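These notes open a run of structures that come right after.
Both complexes shown next keep chain A, but they swap its partner, so chain B is in the first and chain C is in the second.
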Partner chain A sequence: MNVIKIDKKTWTEGIGRLQGFYRLIGPVKDGDFYQFKALEKGESPDFSMLNTRLSPKSIIYPQSEVMFEYSLDETRDDCHVIKEIQVEYSPQVVFGIRPCDAKAFLLVQRNFETPEYKDPYWIRLYETTALIGLACNTPCSTCFCVDAGSGPFNDAGLDILLIDAGEYYYARVNTAKGEKILKDSGWSEETETKDAELAIENLKQAAENRITARISTDRLKEKGVPDLFNAPFWEDVAFACINCGTCTYVCPTCWCFDIQDEVRGTDGVRMRNWDSCMYPLFTLHGSGHNPRDAKTKRLRQRFMHKLKYYVDKYNDGIQCVGCGRCINLCPVNIDIRKICEAMNGFEPEQKSI
Partner chain B sequence: MENPYLPYPVRIDEIITETEDKNLKTYKLVFLNTDDEEKFIFQAGQFAELSIAGQGEIPIGIASSPSEKGFLKFTVNKVGRVTTHLHNMTVGDIMGVRGPLGNYYPWDRMEGKNVVIIGGGFAFTTLRSSIIYMLHPKNRSRFKDIHVIYGARTPGMLLYRDELTEWEKRDDIYMHITVDATDDPDWKYHIGFVPTITDQKAPEGNADTYAIVCGPPIMIKFTQPVLDKLKYSHENIIMSLEMRMKCGIGICGRCNIGTEYVCKDGPVFTLDQLNRMPKEY
Partner chain C sequence: MLSYNEKIRHIAKKILAEGKVEIVIGYRRGTLPMINEPCFIKHPEDVTRLIWDRHCGINLTNYLTQRKERIGIIAKGCDSRNIITHIIENKIKREQLVIIGVPCKGMIDRHKIASQFEEEIQKVKEDGDKIVVTGGGIEKIWKLSDVLQENCIICTHRNPVIYDELVAEPVAEQKDVNRYEDIRRIERLSPAEKAEFFDDLLASCIRCYACRNVCPLCYCDTCFVDGSQPQWVGKSQDPTDIRTFHFLRAFHCAGRCTDCGSCERACPMGIKVRTLTKKLEKDCLELFNWEAGIDLEQRPPLTTYNPNDPDDTFR
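On to the complex of A and B.
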């Protein structure tokens, strides 16, 4: 892992050069908020953001994505046969992704790339994308990334981590993909070592000290699923929830989707679209029966999944990277940190089984 | 990269209306490409996604047996969008099948044991697959006694009536067919609910006896105390669950009960496993 120093004066030039090789994506300001967007020629990623309102998950996992196509034209031989679509996957580079959001891809990967089944759509986009992170010198007040297993300077899932050090960026290169990008950019390849690591360490300490939001997750594993499932606090927690689904749509680690057919004339496609466990339709059977027929049950599913089922299944922390989006954007101030505290500290009066 | 969402193209070869209300039809499907058929290796208890261009996909239990070659069979109840469309399709139409999906009845564990099949209503599909499988000359000796307790509201609502009659005639399977009620004077079999007939006809539970129970929730609810009374251990009671599904491969996140995805870790669970899972199905 080597560190390179990039003079900010050469920054735009390098971005321009990279545009010749890759499709570039970066945060840009859109109204009052920032969002990830493909960068036009001459456009630079805007690093003045704290973070984007929506997570960058849609770069690898679009909110709507065509899976297959078919024709319903009875005069054609292949009528009604469902076929793969041809898509070009050209290499793309994402600039300015925050370490929490990059780590989120590693969590989501567990879902899309399993020993039994590989989701080709997610995997192809993930493999053709390089992630260049931007360390958080000033984390927001709702971030709890460190307790969630990430951190403002965490390299996990990143090809390169950029650290803003005033006049220049330090670039910590983690992968061969990252090295190639630096080479293509033409930025100085002057390697920094001791001094750079020290400067980075100081910035990291300062950033971590700014994180005041804390959660404890250490006892989630030892709790019983039925105990937490039947805990009395869910009604209270869910009381104000309007099941709007915002928390799931903005979350970098929520991965659920729906599959739908859409037809125009005789041409049809099968699509997948993000879905949300907060909606009654998510689990409604054709018979009318719905195992999650009340909002409390749906809210419980979201948090049980992130803070218990995932923990039990993968034995590697929670399904949350602490980005704080769901806390900031929930219209009724439902706070995953409080729910995590309640779950982690829960002692049933009587064990369920 | 293999695409697990891509269905195999199939042609509808035959459609049989099963029940007097015409709400249940059995579809015999033939693969368009023989290669695909060879890849579709399944066990009794698994399901597949039936895929109709322009309509969508539905998870349906495989009603044919692995020992029946050259086709797949599915019995479909008409309830909503896709099933209604399917009911309007005709022989020769092209559609898709994706699978096989999910786990299956524990055939290894049941080898050398008694198997008691308890089914109600139209949840008899994968049970048909299982019976045909066990009765196959190559397999029959691998199992001890086979009992089948199967009930429907009326005689006209029983699935696979011709086969039921054939099985009745055999001496290597004990059939206990029942209906809730009937005014048919020629009705030769039982009258009464499945739990009652189970109580009267099912053998006592022991380490060598397994019960596979599939049916509407109400039937399951009242059958369980009967099996408890007959001393079936919960490890030996096998059930198949239903959940709304899309991907069928544990990725879309829709069908979980606790940590388990019914589509991939199920749909078959022992009652012992279910006891330890949240009651959310």
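On to the complex of A and C.
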């Protein structure tokens, strides 16, 4: 793992050079908030954000994605033949991924790339995308990344981690993909010494010290599924929930989708769209039966999935990276930190929280 | 309005202890600045959890729909108007309710403040007619009237129109309010300009349906955007489908919307969705001299027939 020092004076020049090789994506101020967008020629990523409003998951996993196409025109030989859509996957580089969001890609990968099933759409985009992170020098009050198994300087899932050190960036290169990008950028090829690692460590300590949001996850595993499932606190925590899709759509780790056919004239496509376990139709059976027919059941599902089923299935922490988006954007202030505490501290004989 | 707290808790405690209601629906303190969480209280000893300040913008009527028990509910002007609409539309019975009316001076617009504050907001404090916001080592002070929700700035029904208890003396209603200036501006646009305006308005929509789900008017068992047999609207991010959702939802609210502002408050993307409902509110006022949720005895204009309808089609 090499560390390179990039003088900020050469930053724009390097971005321009990379634009010759790759499609560049980065945070851009868009109205009142920041969004990941394709960078125009001459445009640089805007690193003054705390984080983007929506997570970068849609870069690899678009909200709406066409998978197949077909024709209903019976005069055609290929009528009713479902054909994979032809998409050109040109290499792209995403700048400004926060460490929490980077870790989220690894969590989502668990769903889209397993020994049994490989989702070609997600994998192709993931493989042709390089992720360049930006360490968080000033985490927010709703960031609980450290307790969620990440951290403001964590580089898991990143090809390069950038650390803003005032006049320059330190770039920690993690992968061959990252090395190639640095070479193409022409920023610098000089490997830094131990001093750089020390400077980074100091910044990291300062950032971690700023984190005030904590959650406890240590006892989730030992809890019984039926105990948590039947816990009395769900009615109280779910009361305010309006069952909108905000938490799931802004979440970098929510991966569920719904498959739809759309036909115009005789041309049809089969596409997938993000879905949300908050929606009543999410589990509506063909028979008309709905096992999650009330909002309390749907809210419980979201948190049981993230904080219990996932924990039990993968034995690798919770399905949450602590980015805090759902806390900040929930219209009615449902707070995953509170729910996680209730679950982690729950004793079956307890009557209420 | 901070002084309301004691009175609200006192009334809630009383009606719970006397067995007049089984639950009281109100707000408890949020975990972040500028947001409180709707909650219910079952036991008189828990009423201290109830709070009231300028961050109670979500319309609590949404939590009444088809509940069966006897309920105490805290209602500001707009909530009370939606309670009337709910009663008219058979979503709750008047006899089930003890309405704790709250004269309201407006709710703070959290989007407005956040968009004018560069750092993360850590604390928001009301101080007389000022609001003091701190975070990231900076402090900013606004006049309260400059950072209220847009619907509160033009509100003409700050006092509850129906209540059983009132937590304070009624506040003065705002007079000579220019409610529809923004709508008139849009009405004057050419069709092409309007199309562009609506494209921009809805460009950031992620179809989370927070605007719909937070709305007390949207209680259909299956919304037309969710139905799949038949399917009326595509489910993707196609802008036509997104527009269809927003336009049709607004039409469904025509003559029923009280401009409580919950939809705009709830939108995670800060879309000014009231732009659509307000146009229909304006039409209902101008065509039928109708304001929603004022009178328990009158049905909304779109559910009635009037031989003097201003439109020839219906005469």
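In the analysis below, the second predicted complex is superposed on the first by the 349 of 353 C-alpha atoms of A that agree within 3 Å, B and C clash if a C-alpha of one lies under 4 Å from a C-alpha of the other, contacts with A are read in each partner's own complex, and residues count from 1 in each chain.
Everything below uses one rule, namely that a contact is a pair of C-beta atoms (placed from the backbone, for glycine too) under 8 Å apart; a residue touches a chain by one contact, two chains touch by 3 or more.
These numbers come from a predicted model, not from an experiment.
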Identify the partner contact of A:P280: answer first if only chain B is touched, second if only chain C is, both if each is, neither if none is.
-> second
Once the structures are superposed on A, label A:F47 by its partner contacts, choosing first (chain B), second (chain C), both or neither.
-> neither
In the overlay, answer first, second, both or neither for which of chain B and chain C A:K297 touches.
-> first
Return first, second, both or neither, reflecting whether A:R124 touches chain B, chain C, both chains, or no partner chain.
-> first
Can A:W11 be said to touch chain B (first), chain C (second), both, or neither?
-> neither
Touching partner for A:F33 - first (chain B), second (chain C), both, neither = second
Would you sort A:G245 into first (chain B), second (chain C), both or neither based on which partner it touches?
-> second
Based on the superposed arrangement, let me know which partner A:Q260 touches: chain B (first), chain C (second), both, or neither?
-> both
Chain A residues touched by both chain B and chain C?
-> 258, 260
Which of the residues in chain B come into contact with chain A in the complex?
-> 1-7, 9, 32, 51-57, 79-80, 83, 93-96, 217, 242-244, 246-247, 249-259, 264, 275-278, 280-281
As the complex stands, chain A meets chain C at residues 30-33, 50, 53-54, 63-64, 138, 140-142, 236, 239-240, 242-246, 249-250, 258, 260, 262, 271, 273, 276, 279-281, 327-329, 331-335, 337-338
Interface residues, chain C side, partner chain A - complex | 30-32, 35-40, 58, 62-63, 111, 114-115, 120, 122, 136, 204, 206-210, 212-214, 222, 226, 228, 234-238, 265-270
Would you tell me which residues of chain A are touching chain B in their complex?
-> 67-68, 70, 72, 79-82, 84, 111-112, 114, 116-120, 123-124, 225-226, 229, 255-261, 263, 268, 270, 272, 275, 277, 282-287, 289, 291-292, 297, 301, 304-305, 309, 312-313, 353
